[in-house]
Each structure stands twice: as structure tokens, then as C-alpha cells.
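Note that the chains are named A, B, C, D, E, F and G in the order they appear, and that numbering of residues resets to 1 at the start of each chain.
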């Protein structure tokens, strides 16, 4: 089920990038996607099924907003003549525990400027995040917990 | 631009005429090599099948080569336009007598080496692609001899080069790694220089088809740009051919791989450089070549001497042979150093000369081609023999070898024939081209070059005699140094009773090669006529041009 | 490199890259791309897959030895050239057919197969190199 | 009219995107250590390039191009954090230290031969970082 | 100047500015690669170069109207991170380079003699 | 010559070779008795020449042959005249006896078959040499004699002396041969004639040509080395390492006479010039005297004989040099006589060795009783050699003295040399033929015995023939010496000299010679030790010189080779780059082909940026302090080049360049992970500055030539063609791709072959590791996995 | 443009030759990469820099309407890039193997095929 769904997504991506919206092309994309999935058959097995489009959309919008905001903050920081830098690494205790969710969260944290996922502990309970402004790590953790992490849990649970 | 119907367009752009199966002969050597090379690689789990698939493959290749040679000898140069596009737009595979001769002899030595390799290449080396490398290298070699497009020639150079890399490192012994580093780096620079020059050539002529270049170069006013091209090609091909002073990569590497690989390299690779030099300098840029004749003469003379002296200086049999290859290259180059017809002083033609001045270059070039073919065969044979000799006496060092004449008289006799042949003594294949080259250089008023040819032959005779005396006549030094009879017997048992590279299998290719050496020495007319024709075809490429532009096959 | 983030993402990224590589291969005749670029992208995919998940899964995924794939590519390219022999055309002459499949004209041609051959050679050879180099790391 | 608006939006995206890229570049020049520089590079750079790609999508009048431009953005956003993460992790684990002005390090000391975090860290500011060469 | 003209003017100006910005970004990034000081810094610079190149390709695509350049950007987006990953892997496997270790030891020694906290 | 005669002629020439091919098998079957069927080959050839003798004696020249290599204008053609006929008879006749002699002498030797084979091949070569009409064919046989004598001299190959002798002979005669080849080719090219007959008919052309001196010197190099003239004589005594039949054959009738044959043959075309009459007698007389002295000095009877051969050859060369009719006649008479008596004496020496197991003259004596036949044969030969009547040697000596009896200093000097030489040789002859057989038999000799008939048959026959020739001198002159002298003179020569002495100056001188000879014989032992002391005092000779030259050659070659082949890649690369720079600037400077000064390029600023990135990138690579920095910096220029391609309308290239650049870094990183290199590889300025200068020159050369090329008009017809037919025929809109898969598809085929092979080669490199140390030579048992 | 590119080509070749003259194989390899890029740009320039429109025929046309960049050098360079990449990979792995077995990337120290202490050949017979 999950595989066929992902396969369909691949077929759609195919149609998009090849730019030809014909049934034939979709079928062809499906076939190619199936072939491509076959290659990774051993690693696939932990994908949470994709369903709740709305929450995902919300997550996406949040991400875009955060992306732009933090980009702006970094830009300002860089352009400030004498920036007051207080960088550091804090340990973020993870609530999400699936690979997919951890990955998504870590990548979103990385993409939003100001924070950068450095590592995940081996037991997957902690995400180490480098923040360019680490003056108040607890506040940042709270932001993440109530922001990305909550949205992810909503979207994929 | 009006666009006509597809038929009209095809008539404009494509070569007309149906293709007979025999027309495919022009391209089949490459195709065969690639199909077998790829096929064997696909069967990489069945390495015990490899020899028994590869040998028929090389027989087939040689058969195709011979058929092509027969066809070219009978009908003149053959052209097939790849993909059917008209010249000079598509790539022409054009085979004239010179190309056909080289490709046939190449196929011959490849077959010999393939057979020899059955017993002398280990399973591991086969698993990591000995036969595929062999086929792909031969694909490159064949392509180089057959193509009529200069960029395509570069591509084939690269194919044979990478194939040779593969063969060179097969075994990964320490000497191989060092030798390969030098070989690869310097050859890469040489091939890249070839590509660079071809880039310049395209910028000047706007074409890549050799027949087209020849035509355009003849019309182009003599200027520095074309001269520079010629000089750059001379440097690039000198490196490929291991001409002095660009020969260093050869003695640095040819003794490191397996003997059968050395044999193939020594026979073929440098000759491809020579072939390209003849093709490009004599066919495409004859006036520039004539202008560079004295430079080439110096290169030839020094190459001969460096090779011959180097051979004398070596202790290791294979390193000695490395230099013999170089001396051979110098000899071949001597024929390219003969002034063209107009430049001959005619100093010697007092009375009704046998070779009128106009034929001097012809004689020299014919001698060069003959010598190149001889050198391919004889060098391959010598390295194969060196492999067997080293196996039999447990070393390839002249200081340690010995006793082979007593133990293996037939084998020793075959080697002796090869040694005399490589020294240019009659009645073996090396003698006649030397006569032709001496004739040409003397007639061209270059007595010093003729003297160098003879002196280098003399030095090689000394080297050969030493090899024979030390490695074949002399009793095994280890036995002579043995403290007791029993120890001597033990050494003898170890050295001589050890299983050799399958006697029959390693002798068959040598016998084949030697039959050429003797045939081309005792009854040289057939080959002389062919090389004469080949030389004519290069000096006056009218037939070549009309084969390309006359609509192809 | 055993990190959840990396190992989780890469398999999907690999499929995406393979897909993209085939896309680049197939439209190469009309737009930038072709067998070589496509092959490089696919080989990159397998290289990164190997870095992330280890070499063994990649080898199992490919089923055939990469060099055998490369060889089959060369074979395919050569055979698509020889095909013209059977219609009395010169070596490598492009032969075209436009069969109608599902309402659209699909261009099938020997140059296409030639290009696929190029693709396979590049995928096979470069993957082989990358995998072999990655493999030695772990021992 | 709509076309003009699109052009204006594209222009703004161009300005913003290139501005972000330039700022990101400036960031990696100005910021004090690798980890802070990475913020600039992987974020502002990604955002900037994505904006420029969207600008391209807007100026193209063909749907496939637009879709491809968006796909490019997607792909880029997919891969950028991975490389950033790996580089940061690798650098940290082999002992490239943070800037001395850093205020906090909750990463556990690492064994560079393994390159992985071992155990949950002690809380509180840490001034000396993994130096177990 | 009507809206259309103004839009076009803005567009032109923006293009030029974008190209200037990107050029600057290129040069600065190269400066970081050359300056280092550490290997990860250079790798970061190289990674950044990919980002800038993607943006540059987009802008040139807009400038010339050859939208097909977008495929290059796609490929770069997909594959460009490979180099960084491979170099990160190198760093992970090999640790710091010899010089960096030497430099670090010297720094530690200086700090110790100067009594300053790190 | 009729067809059948020609066929018989070819057969006669081929017979020795056929026998050589059969010899190993026959010997395996018949042991030493194989000599009988094998001797049939030279015997039959002898008969062929014998039957041709009457015609030849009438002054006819028999010519036969066919076009061998028309492309090189070489004929397989033969000329039987008086000169070649007599030579051929000597070769085949003595050859027959030698084959028989070898049957007995080497009976039971395990390599006897091989020996028969070699000596028959040698015979065939020698025979071909003397009858060849074509200059090149002659040379082919000439070299064949060198090759086969190499094998014969080295027959006892387990001894270093034999190997040395073989190499020495090959080096000296082979080297001379090459000079001869050059000379013959010059003659051919100069005259445009390829046969000896034509050359002889060309009259004074050669003598008058500007190339006479080089031709003469080259030909003399060939003749003198082969005929062991001072200082090339050293190989001859050393060739005594060969079994005695070889010495007897090579050094009597044949190989050493090849040079003499050549001189006689070309005398009509090359002789009779000041140069000829100076050089030949000079070398000849010195060789005669020195050779004869060395003969006395030797204590081994075989060596003594070898040196007398050297002396005889000197005498012959001297006479040919004088070149008068009488001198030539003397030479011819002496040549035949020498062949007979020297062949016989060598066989005698072999018999003595065979019977008494020593050849040291001081250890020999009193053998006459136990070896009477050998003693007889020895005396017959020695008398002929000593010039005693009625033996052919007498005829020769009389004629020689007659030829030299002129009052001028030139002839007197030569006469003195001749008398001295002959007297010494007289003494030497009896040292060999008399001393071992008379007096007290030393105790070291046990059971001396006469050999098998095959062993004494040869010397006896030759000795008797020497007697018969003189007794029946009319027929002798009519069939042998006369035609030979005529052929050598190029005009009819009548020889009258008989065995009955006439009281004239020549006879007086003969008597003087004999008297001197007897004195020398008596004092031979004392003379020997005196000469030995003298030579020891000199301490150097050409033989030692040969070793020194060989060692010097090897050392010199070693030094040169080590200098040129340093084993350092950086030096090889430097040489390569220097040549590239020269190739770029040479023609540009020589032909003033520099590009015109270009206008400053007008580029958009972002184009400048991208170009600048390339330059910055490569700058970064060069200044990088370590390899890793360099590798990362390498990415800059790679990306920049990709951007250049994109800016200039090459999306495919840009695409590929980005991919390749990325993959390059990936592979570099993968490999570098495995390397632990020393940190700094930065070079000191002293080392890098010359490289930098060279590199800048190279870069400038490439750039300037590129500029020059781009300033020329450009022919874009190829691309126009591709644009026109890319879509219309090849159904592709991406012209670059259509070129790759269609227009120039075969390039791509080669290219993917490169990629595939590279993949395989890399796999082999990574996977194949060195096995057991010393496993250089493959183990055939490893054939199956 | 040709002038500027000629200059860039000169820089690439100069640097590449400089690196090739080094004793360290890894540096030489960098030279090989630069050499490849130099050649590519050289061929590109030699085919003249004209219009910058990519050599792609638009969808609605059969032959290019306006002038396009010269496609042939591009195809040649594509071939050359691939080949030089293959060679580079091979040389790199060769350097690695040489290093692995010989413990150096300094060509001066890799003297196994032509060792420094070669003796004279046998002087006897």
C-alpha cells in the first residue's frame, strides 16, 4: 500500500518533470517508478503513509514561513556591523521517534536559518542542534516543540 | 532555407547505394573486438570459458583482417561512411593498403598472444579482464588503423590506451604500479597533445575527415599555423611511438607486466604511433613533413642509437628487449626522414638510376612500413620467447639465465631466428626493409643516416649474440656454482623440469610468428609489393581521396 | 555516516535520481541530456546509496555486476549499429519506427538504443568504480 | 496586466534571491566559525537560489518549465540540509571546535574514530569541546 | 512610463543587480575556499558554490530566455550535494589534516603559556 | 643456360641446405654413419660444377636465376665463371671430405646431428656466396656464412672461450659485412645496376666516380674483416675453439677466403688504382709477416695453423693489391694450393688431437710409427705448403716471386715481406707436420692410434691432390687456375708455370726461402720463446683490445642509458614539456606566425566574473598548501568552466561538466580517504621556479597559437550540415546529441568502450593484489579456479 | 570572447603543466584535470564563439531559425570530457594503489621498475 502510493507519487513527479500530461506518460512514469523503487526494496519499510494532506499543507506553510523569517534573521545578522553572536549547541529531546519524522524535523531545523541539526543521538532521543543565537536555548526548544514537531506529529500520526 | 521531402533530403545528405555484407569488412574488426570484449565481460563468472571463446574470437578477427586485406589489395582503398552520412560530414572508415596491412598483422599477433596467454595468465588475471582488455585494446588498435577521421583516430588511441592500461596493471605487482604510473602519465600527455592539436586543426580547417584535410591542406598557402600543427603532431606521435627523446616511458614500463602483455605492447602500441605519424605527416601535410625531414632524420638516428645502446646496457632480458623496440622505431622513422621527390639532390643518380629520385621517398616509406610490420611480429615473438625462457630458467636476468640451448634446442633455435631477424640479418624479415631504408637514405644524400641504420643493426647484433651466448649457450650459472653434484641436480630439476607455460601452446604462437619472419625473409616479394603499394597510396593519396569522396562503398 | 537523517533520506533520493536520470536519457535526443549525462546521474545515485546504506545493498539491488551492466551497454550500442546491416544500410545508420502506442507516436530507433547503451555503460562502469572504492573503505 | 504583475514579482524575487545569496556569501566570509557559517550557507543560500528558480518559473510561459523549476527547488531543499548536517556532524565529531565565543555545548564528548554521539550530555554550558585527538 | 514599461525596467534593473550580487557571491565564496582555514570551511565554500551556481543558472536562464538551463539546475540540486557528502565522509574518516593538528597543538601551547582560557 | 641446367644449378645450390635439414634425423637414425649420405649432397654439387667445368674453361660464363624481389630489384641470380667455378669446386670438394671427416671425428658426440646441420648450412651459404651474381644476393649469403660460423665456432658452447670466439667472429665479420652492404648498395644506386656481371661490364665507371673512395673503403671493410687482415685477424685464431673439422673447413677453403673472393671478383671494377695498390699490399704484407711470426709463436698446432692462415690471407691480399697479371696468377695459384694443404693440415691436427689427445707441440713427438697414414698426409701437405716441387705450393710460390721481381722499392719491400712470410710458414708447416711424428714419444701420450678411415681419408686426398695438381699442371692450369685468373683479371690469362724448376731469380728466391725456413725450423723453439717474451713485453694486442672495446662499449652504453633513462618521472615529464614548448614556439618564431595583437575583449561583467573564477580557481589550486586544499579548490575552476559552457550556448557540456566535476570530487574524496600522505608537498622555489618558467612558456604557447587559429577565417560547413539534417533526417532536436549518437556515433562507441575499460581496469587495480613474493612466473596449475 | 578564452586556456595549460612537472602523483593528477578542462575550452574556442543560442532546434521548427552555437565542438568535447574523466579516475586509483603498495606518492621514491642501483650488464661472454 505504502509502496504503491509512493510509486504513484513518483509517477506524478515523472509527469511533472517530463512535462507531458498524457496517460501514457503517467503509466510510463509508474513503471519507471516501480523499477526505481525495486532498487531500494531493502530499505523501504518504515515510511509512514501519507494521507493527511491538510496537515501536511499546514506544516509546509509553517516551514516556508519559518524559512523566510530565519533567512531574514541570518541576513540581518550577517549585515550587522558588529553582530552580537552567542552560538552554541543544545540538546533537543525528541518526541518524534520514527525515522521519517526525525529526518523531517531535523531537515526542517537545518533549513530554517539560525538552527542546524548537527547530530541525532544513537538512541534517537536527542537531537543536537547548533543555534546561531543560543542565548536562550530553552525558548528555542520550546519553539521547535510547539512548531515543527507538533505539526509533524499532527500530520503523520 | 527550403526543406524538401525526406527523400530529397536523404539524397542531399546521405551516401547512396545499398551495402553488401562484404562492405562491412571495413568496420567488422572493431565490431568483432567490441562484441567479444563486451560478451566476455558479461560472462565474467565463467572465466574458465574465456580462453576458449577468446581464441575463436581472435581467429575470426584475423580472418576478417585477412579478408579485408585481400579486398583492399584487389580493389583499392575501401570506404564506409558511418551512419551513411556523406563525407566529410560523417565519419569515414577508410582502409587503404597501409591500414589493411597493419590491421592484419595486428590481428595476427593478437591471436598469437591470445593463445600464449591460455597457459601464462592466471585465473585471477582472467577474472579481472585479461581477455576483455585484449579485445578492447585490439578494438582500439584496429579502429586506429581503419578510421579516416582524425578525431575518431584520437578516440581509438584512447581506447587502445585504456585497454593497455588495464593489461599493464593486471597483476598489480609493485614494479607494475611504478611502471604504470610513468607509462600512464606520459602517454596521457601524449594523447592529450594529439587531441589539442586536433582541436587546433579543426579551428584551421573546419573539418576532421582526413581526406578532406588532405585536400584542403594542399590548397592552403604554406604558413606557420599548418607548420605548427605538423610539429605538434610530430611530437605527439613521437611520444606514442617512443621516439627519442620521448621514449622514456617505454623502458620504464614494458618490462613490468606479464610477458604476453609486454609482447603485445612491444609489437603493437608504438607501431600505432608510427602509423599515425605516417598517415598524418605524409598524407595530410606532405610539404610540412618535407620541411621537417631533417628533424625527423635526427630523431630517427638518435632513437636508433639510444635503443641499440640501451639494449647493450641491460642485464634483464625484457628490459633489453624494451630498447630493441626503440631501436626498431628509430629504423622505421628513418624512412620518414627521406626528402620528398622534389627535394632530392640526386647526388648519386649519375647513371640511369634504378631508383629515380622521384621514388626515393617511396622506397623509404615502403621500407618503413615493411620494417614496422616486421617489427610488430618479431618483437611480439621475442617477448613471448623471453617469457618462456624466463620461465624455463627461472629468471629473466642475463646474469642468472642459461642452459636453454642444451635443454630446449628447438625453442632456442626459434629464439635465435628471432634474434637474428631483429638484428636485421638475412635471410629474415628484418633484412629487406633495412636494405630499402639504406638505399633510400643513401640515395637521398643522407649517408650518415644510412650509417646509423647499419651501426644500430650492428650493435643489436652484438646484443643479440650476447643474449644467445649468455642465456642459451652458457650452462646455468647456478648449476655451475653448485657446491655438489646433488645440489646441481636439484637446481636442474627445479629449473628445467618444472611445468612450463604449456609447451605446445606457447610454441604454437612462436612458430606462427617465426613462419612470418622466415617467409618475409626468404620470399619477401609478396610483402614488398604490398608495402610498396601501401607507400604509393600514402604518397599519392588520389585513390584514398576518391574512395572517400567517390561515394564510399 | 550512520545517521538516521542520512540513511533515511538517501534511498528515496536515489529513486528520484534514477528516475531523473532516465528522464534525461530519454529526452536527450531533443533537449539537453542523453545517455552519458543520464548515466552519470544514475551512477551518482548508486554512489550515494552506497555511501549511505553500504555497498552490499547496492550490489544486491543492481542484481548484475556493474561491469556486466556496462558490458551489456557496449554490446547494445554495437548491436544497434550492426542492426543496419540487416536492412542494407551502413554501420550505425539510424533506423526509425514510430509505432502508435496508447494514442501517441513513440519514436523507437537504433540511436535510442545506442543512447541506452551509453547510459548502461556509464552507469555500470562508474558505479563499479564508486562501489569498489567504497567497499575497500570498510575493510 | 497580470503578466506585468508577474514580471514585477519575478523582479522582486530576483532582487531578494540574489540578495540572499550575496548575504549568505558574506555570511560565510564574516561569521566566526564553521558552524555559524553553515547557517548562512545552507539557509540564506538555499532560500536565495530557490527564489531565483521561482523567478525563472514565473518568467517562463510554459507550464512544464514552471513545474520543472519548482521541482528544482524541491530537490534542492531536499538535499541541502543533508549535506549541511553531514558536514557539521563530521566536523564536530573529528574535533573541529566551535568559535571560542560560543556559549553552550551540550554535545557529548565524541570519539572521533567512531564519530557518533555516545550518551545524553550533561546539562549546562561547556567551554571546552571534543578534543579527544 | 506605464506599468508595463516600468515592470520591464524593473525587470532589467533587477536582472543586472542579481547578476552583480551573484558575481559578488561567487568571488566571496571563492575567497572562503582559498582562505579556509580548515578543511570543512573549504568544503562549505564548495557547497555554497553549488547554491550560487544554481541561482546563477536561474538568472542566466531568465536573462537569455533559454529555459532549458533549468534542467542543469535540477541536476545540480539533486547531485550537487554529493561532493559535500563525500568530503564530509572524508573528514569523518580521516579526522583533521596534519597541518590542522599541528596548528591546533600550537594554539593549545600558546593558550597554556598565556594562561588564557580557550 | 637452359632451363634444365638452371634447375640443376638451383638444386646443386640447395643440396647442402636440404642435407642440413635432414641431418638431425639422419644422424639420429644412422649415428656417425650419417656422414655418408650427407656427404652425398656436397659430392653431387661438386659433380654439377665439375660437369660445367669444360664450358667454363672455354671462357664461357654460365648465368642463371630468376627475379626474387622485383620490388627491390633483387634477383636470385648466379654466375658461374672461372673464379666462381674453382671456388665452388673447392667448397664442395673439400666439403665432401669434411663431412666424412666429421663423421669420424665427432662420432658419438651427442650433438653430431646439429653439427652436420650447421656445417652443411655453412657450406650452402659459402657456395651461394661465390656463385651469386646479384649484389644483394651475394650479401645475403655473405651474412649467412657469418651466422652459421657463429653457430659452428660456438658449438662447444659450454666453454666460455668458444662463446667468446663465436661472438668475436660475429662482431668482426658481421660489422664488416654491414659496411660491405653499404658499399654494395652505393654501387647499385650509383650504377643503377644490380648484378655483378653488369658491374664488371661497366668498365671504369666506378673508378671514375666521386664515390670511389667511400665504396672502396666500405668494400674493403667487408673483405678485410672476413679475410682476417690485421688488425681484424683476431677472430680467426679464436675461432679455433670450434671442432677441428670446422677449423679445417672455415679456415682453409672457405669463409676466410670469402673476402679474398670478393676482392678478386671486384678487382676488375675497383682495382688498378693508386688507392687499391697501396692499401691492399700494405695490409696484406703486414698481415703476412705478423701472422707468420705469430704462427711460430703459437704452441698449439691448431693455433699455429690458424696464424699461418692469417699470413696466407695477407699474402693473397697483398698479391691482389699488386694486381698485375702475374700477381693475380700467383694469388690464384696460392689460393688453390692453400685450400688443399691447409685443409689437409687442419685435419691432420685434428687427427693428432684425436689420436694423442693433445695439440701442444711440446707434448708431441714420435707419432709417425703409430699413425703412418696421417704422417704421410701431413708430409704431403707440408711439402706443398713449404713450396717444394712437385707440389702445387711450389707453382704458387714461383709465380709469386716472379710477379714481385721488379726493381722498384715498392716491389722489393713486398718481396722481402713475401720471403720472410714464406720462410716462417715453411718452418711452421714442418713444425706441424714433422715434429709430432718424429723423435721421442713423450710419456704423456698413451696409445696413439690411427683414426677411422673417414678421418685420414680427407687429409690424404688433399695431400695427394696437391701433388697431382703440380704433376698434371697443364690440365690444372686449363681447368682451374687459368679460368680463375682470367675471371679475376677480367681478361684471358695464360698460365704456364710447371713443376720443373727453371733456374731464374724466382727459383733462387725459392731456395733462399727454403733455406731460411729450415733455419727457422731448427730454431723454432727458441724463436717461439723469444717471440713470447716480446709479446709479453708489449702486453697488448688486438685480441685484448677486442675485450676492452666490448667492455668499453657495454660500460659506455650503460652510462649513456643510465643518463637518459634516469627512472624519474619528473625528468621525463620535463623533457616532454620542453619539446611541447619547442613545438609551439619553433614554427611560430621560425615562420613568424604569431597572432595579431587582439582588441581588448568586450564582455559582460558576469562573463568576466566567470572567466575570472577560472583563473582564481586554478590560482587557488596552485597556491594550495596541501593536496586536500588543492582538491577542494579544484572544484572552483570546474564549476566556472561549466558556467562558461552554459553562458556560451552549450547546455549539454555544462550539464556534463557539472556532473563530472562533482563525481571527480567524490572519487577523489573516496580515494584520499585511503591515503595517508605526508603533510607538506610544497616545493621550494628553487625547484619550482624552472618548472614554472617552463609551464608559463607552454601555457603561453598554447594560448598564442589558439589566438592565431581563431584569427583565421572559419569553415563551419560541418555544423551547417548537422543543423540542416539533425531533425529532418535524424529526428533529433538536440543537435549535439544527434552528433553523438548518429552523425558521429562511432566516436561515442569508442568513448563508451573507454569508459567501460576504465571501469574494469580500476576494478582490477583495486581487487588484484600481489600474491606470494617471487611469483613472477605464472603457475599453470592456477588455470582453473 | 576568443581572446579572453585564449587567455583562460593559456592559464589552464600553464597551471596544468606546472602541476604535471611536480613529483607528487596527486598534484600531477590535479594537473591532468586542468589539462582536460584546458583542452575542452581550447576545442570550444577553436570552433569559434559565435551566437550563444544552444544548438537545439525549437519544437515548431525543422531547422534552427536563428544562428546557434557551433554544435560540433560541443559534441567533440563531450566525448573528450568522458574520456578524460575515465582516465582521471584510472590514474587516481592507480596513484592510490601505488601509494598503498609503495607507501609514497612521490614519483622520485617510486623506483621499482627502474631501480637506482642497477649494475652493469654481464661483461663476460
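The rule we apply is simple: a residue touches a chain if its C-beta (ideal position, glycine included) is under 8 Å from a C-beta of that chain, and two chains touch if they have at least 3 such contacts.
Predicted model, so just to flag it, every value in this text is computed and none were measured.
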Between B-F and C-D, the pair with more C-beta contacts: B-F
CA centroid of subunit C to CA centroid of subunit F, Å: 60
Where subunit A and subunit G are represented by their mean Cα positions, the distance between them in whole Å: 41
Inter-centroid spacing, subunit G versus subunit C (mean Cα positions, whole Å): 25
Centre-of-Cα separation between subunit E and subunit B, whole angstrom: 50
For subunit G, residues contacting two or more additional chains: 20, 28, 42, 45-48, 52-54, 56, 62-63, 72, 76, 78-79, 82-83, 86-87, 89-90, 93-95, 97, 101, 107, 110-111, 113-114, 118, 120-121, 125
In subunit D, residues with contacts to at least two other chains: 19, 24, 26, 38, 42, 46, 48, 62, 65, 68, 71, 75, 78-82, 84-86, 89, 93, 116
Residue numbers of subunit E (touch at least two other chains): 19-20, 22, 26, 43, 45, 66, 68, 71-72, 74-75, 78-80, 82, 85-89, 92-94
Chain-to-chain touches, reported pairwise for every pair that qualifies: A-C, A-D, B-C, B-F, B-G, C-D, C-E, C-F, C-G, D-E, E-F, E-G, F-G
Subunit E partner contacts - residues on subunit G that touch it in the complex: 52-54, 56
In the complex, subunit B residues that touch subunit C: 15, 18-19, 21, 23-24, 27, 31, 34-35, 37-39, 41-42, 44, 80-84, 93, 132, 552
Subunit D residues touching subunit C - in the complex, by the definition given at the top: 75, 78-79, 81-82, 85-86, 89, 116
Residues on subunit E engaged by subunit F in the complex (per definition of touch): 19-20, 22-23, 26-27, 30, 33-34, 36, 39, 42-43, 45-46, 49-50, 53, 56-57, 60, 66, 68-69, 71-72, 75-76, 79-80, 82-83, 86-87, 89-90, 93-94, 97-99, 102
Subunit G to subunit B touching residues, read off their complex: 20, 25, 28, 32, 35-36, 39, 42-43, 45-48, 62-63, 72-73, 76, 79-80, 83-84, 86-87, 90-91, 94-95, 97-98, 101-102, 107, 110-114, 118-122, 125
